[in-house]
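Mind looking over this structure? Questions follow.
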Amino acid sequence: MSDRSIDPRYEIALASRILANEGVLDAFGHVTLRHPRDPGRFLLARSRSPQLVEPDDVLEFTLDSEPVRPPSVRLFAERVIHGCIYQARPDVMAVCHHHAPAVLPFCIAGVPIVPVFHLGAAGGETIPFWNQRDEFGDTNLLVVKPEEGHSLARALGAHAAVLMRHHGATVVGADLRELISRSVFMCQNAVYQLQAHLLGKVAQLTPGETRLAGAINALPNVVGRTWEYWSCRLAESGRMPARRTVRAKPPAAGRAAAKGKAGRRKRARS
Amino acid sequence: MSDRSIDPRYEIALASRILANEGVLDAFGHVTLRHPRDPGRFLLARSRSPQLVEPDDVLEFTLDSEPVRPPSVRLFAERVIHGCIYQARPDVMAVCHHHAPAVLPFCIAGVPIVPVFHLGAAGGETIPFWNQRDEFGDTNLLVVKPEEGHSLARALGAHAAVLMRHHGATVVGADLRELISRSVFMCQNAVYQLQAHLLGKVAQLTPGETRLAGAINALPNVVGRTWEYWSCRLAESGRMPARRTVRAKPPAAGRAAAKGKAGRRKRARS
Amino acid sequence: MSDRSIDPRYEIALASRILANEGVLDAFGHVTLRHPRDPGRFLLARSRSPQLVEPDDVLEFTLDSEPVRPPSVRLFAERVIHGCIYQARPDVMAVCHHHAPAVLPFCIAGVPIVPVFHLGAAGGETIPFWNQRDEFGDTNLLVVKPEEGHSLARALGAHAAVLMRHHGATVVGADLRELISRSVFMCQNAVYQLQAHLLGKVAQLTPGETRLAGAINALPNVVGRTWEYWSCRLAESGRMPARRTVRAKPPAAGRAAAKGKAGRRKRARS
Amino acid sequence: MSDRSIDPRYEIALASRILANEGVLDAFGHVTLRHPRDPGRFLLARSRSPQLVEPDDVLEFTLDSEPVRPPSVRLFAERVIHGCIYQARPDVMAVCHHHAPAVLPFCIAGVPIVPVFHLGAAGGETIPFWNQRDEFGDTNLLVVKPEEGHSLARALGAHAAVLMRHHGATVVGADLRELISRSVFMCQNAVYQLQAHLLGKVAQLTPGETRLAGAINALPNVVGRTWEYWSCRLAESGRMPARRTVRAKPPAAGRAAAKGKAGRRKRARS
């Protein structure tokens, strides 16, 4: 990912689509990347379902979650989730907010997700809970105001993810690949944990196992394998983002829309 | 939806197919729209599985649920569900009756569906129950007689949806898009509620949260996003309804059937 | 189905594939039809997964479950299930034996499937249990000997279906369409019943409701709708059986195999 | 499988892809075969997700799990699972290690999988548990060191499979077809067992039934049927491995990669 030739807008579109294809994201949710050359900015798509994000949909934001250039398209309401976390966590390079079906039951029941299998250790030993109601009373549960974003970032603390009561989760990573692995395996972990609970006993990893197994996803032969696998599954489903031939910086809204429509028409045939 | 150029028959076919594609409808269920220019009529397809409805299948009915023109095709037996609700609820412009797998367990156990996540608030704070047996004794559980339809409409009251014991649900909306969002999110809410129950605790939204979060789906950037997402998923599956080139009013039964066959043949290749 | 021009071998292939496509059948299971012109015979495919059955795979058997002509292909071991039921039940014209994932948990737990929603009434008020072990001690659980088949037929009695302990179910019908509806809805009923059980209460239909709702699937507008729906879903998946152009009676084993391979190659592209 | 013309590298690719297609394998897991002409060696793919394995990816290893030729590609870290089992079990010709979603809840809860339906008997009467922690304390739960592999092989003993605490399962077979059947049916058995548990009672097969039913999958008409079924499903999904036209032994890494990319491109269209 340190390769200068890599197009971060394409990578965000790809990551968004992989997470949609693997059942983490649906109509909602968003993936961001800290700007590779300016740590005081981050990249986020215009308001659009993750499975449909194209590289040209990706815009630049300050860490106050304001667009760098006046936008001609609709923006996500919850972008403070990202800005506030990038402010609080210099080590974080990528953030995903999602409503995955696997984690929602835990967000509703208030039951913590704990590491129950080796790959699930990617979520760390503790995934804290954040309940917007505690600090802000009755809201529509969207994280829109800066103080809401800062509160969520405080709840996340130094952890890899935070569960949001009645809403979903926010996951962070040192890069997009770690973010994707962590998000996918945290969902699998939640599914298995619920079923183990039904069988009568949720035995969790020891802190030592969690620390050691949490590093599996950084092994070169694992990173290469999962990335190839998730990419191939996305290609199989006909949902790869379009490669940009021209590398002009900011997308003209009209052009992006036209391109999106053509891409969709093509995909609809597959 | 206020655009005069929009074809309401096409919109009904599209809505029916989206709800089938998202797992709300199957071989059964129906979507109607109050006639955009005559509030004393509504539009409903001939008896056909929702995933297969074409614009030319859509017929006009009075609020007594009688066809405006003598039909040459089979009609749904349960159309009084729609007529009786349009009579009782002038604010309702669209109605969906379904047997979604997500809600059936609740219809059988007699357990209420309550709002447990922000999008699930689209169903409102209370979804009442209607048990046909209470008023009509042993029936085949279909809602066929006007008095059955009126009884169901009374149980619905001012709510957004009503659960039908041992049968399914009926959902209403101010337009087709609200109807679709509400139907989809109510099903997701039911799935998560059941799983939270298995984890040990179903914590629900407060009345204030329900009211505030219930309005999320009317936000312009949310409506646009979900509509694009569900439409693209439908297009991906090769199930979009055929666009009508000629706008002649009532379909000749023979022509509709021929067209349907051709469409199916094409789709079968995708 | 009384139409003389209908090819019963094609109908069996179609029914087998529909039930596979709807998740009732998998690598195992079989669908038979009593011979339309000779009630002392029945039609069953050679040993092959139901999703792959072609019209030319279908052979003729006596009610002793012996092939009418010396077979050049492998036969199902469990054909006595069909022969013994056709002997015991003159009203039965079609039989399906399956291991559907929906019914297996009930076959293992020994919990009866009871009608819990209107369409589930297609299975009748009581679905009896048969435990091969009761009469035959330790076996491999396959129903292979005539006395095993007769024992199963006795357990079925006058009912619409029988659960087989640790094995699956056998369903009967007055024709293939009733058989398919009953099989599909009985599986849905089982899934909903298990989930209602998890919610805390399995309220079942009254005997009167079961009798009245059990007749829904014979309504002309319902039969037409479900048949179109299941057929279209099969066509969409690219799994329709091949239409036979020549109506020569018994298939040459070689030709059937060659045809099967070609069909598969074509389907693999869709 | 004793046919000399059969290409064992192709068979491994096919087996890996079938098990991925049937939901046993995902990004992880591996299938090996003892070398058909040298019982002191086994065949295993380079580190790659099973669904993507091509015949040219398959390499030769000694029973110490060392590559016979210096590798130019990344290897699986856990190959000692295979080498140690081939050392301990001369009767075993094929091994699969997997993290199937069906077995993980049992690996976490520590609840044994027991035979609950006739096909599930393929896993035998007892499937032992192995907990890496018991002997090795805190690890990352991967089986990497020879002593870990030998410990797992001891836990497997003379059984057909072993559950690995917080990790997955390892299954063995007398050939690839037995391995595939056993792996698939053991997963189905686990799913049904969990659901029967939810219904209130897990009644298991008697030892006699388990022994008799465990032999079903060796019946010629069953082996032929399941193999055709799983192969056709794989072909339908567009995921068959490429047939090798040239039978040159070791793949040039570059060529293999190029081929993989082309194959993927083609598959992405289907």
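In order of appearance the chains are A, B, C and D, and numbering begins at 1 in each one.
Assume contacts are C-beta pairs under 8 Å (C-beta built on N, C-alpha and C of every residue); 3 or more make two chains touch, one makes a residue touch a chain.
Just so you know, these numbers come straight off a predicted model, no measurement behind them.
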Intersection of the contact lists for subunit C and subunit D: none
Computed distance of Cα centres, subunit D from subunit B, in Å: 45
Distance from subunit B to subunit A - Cα centre to Cα centre, in angstrom: 32
Where subunit B touches two or more other chains, by residue: 198, 238, 270
Overall pattern in which the protein chains touch one another (line/ring/star/complete/other): ring
Chain pairs in mutual contact under the definition given at the outset: A-B, A-D, B-C, C-D
Complex interface listing, subunit D residues touching subunit A: 26-28, 47-49, 51-52, 74-77, 99, 101, 104-111, 133, 137-142, 165-168, 194, 197-198, 238, 264-265, 267-270
Touching residues on subunit A, where the partner in the complex is subunit D: 116-119, 188, 191-193, 195-196, 198-203, 205-206, 208-209, 212-213, 215-216, 219-221, 224-226, 228-230, 232, 235-236, 238, 240, 270
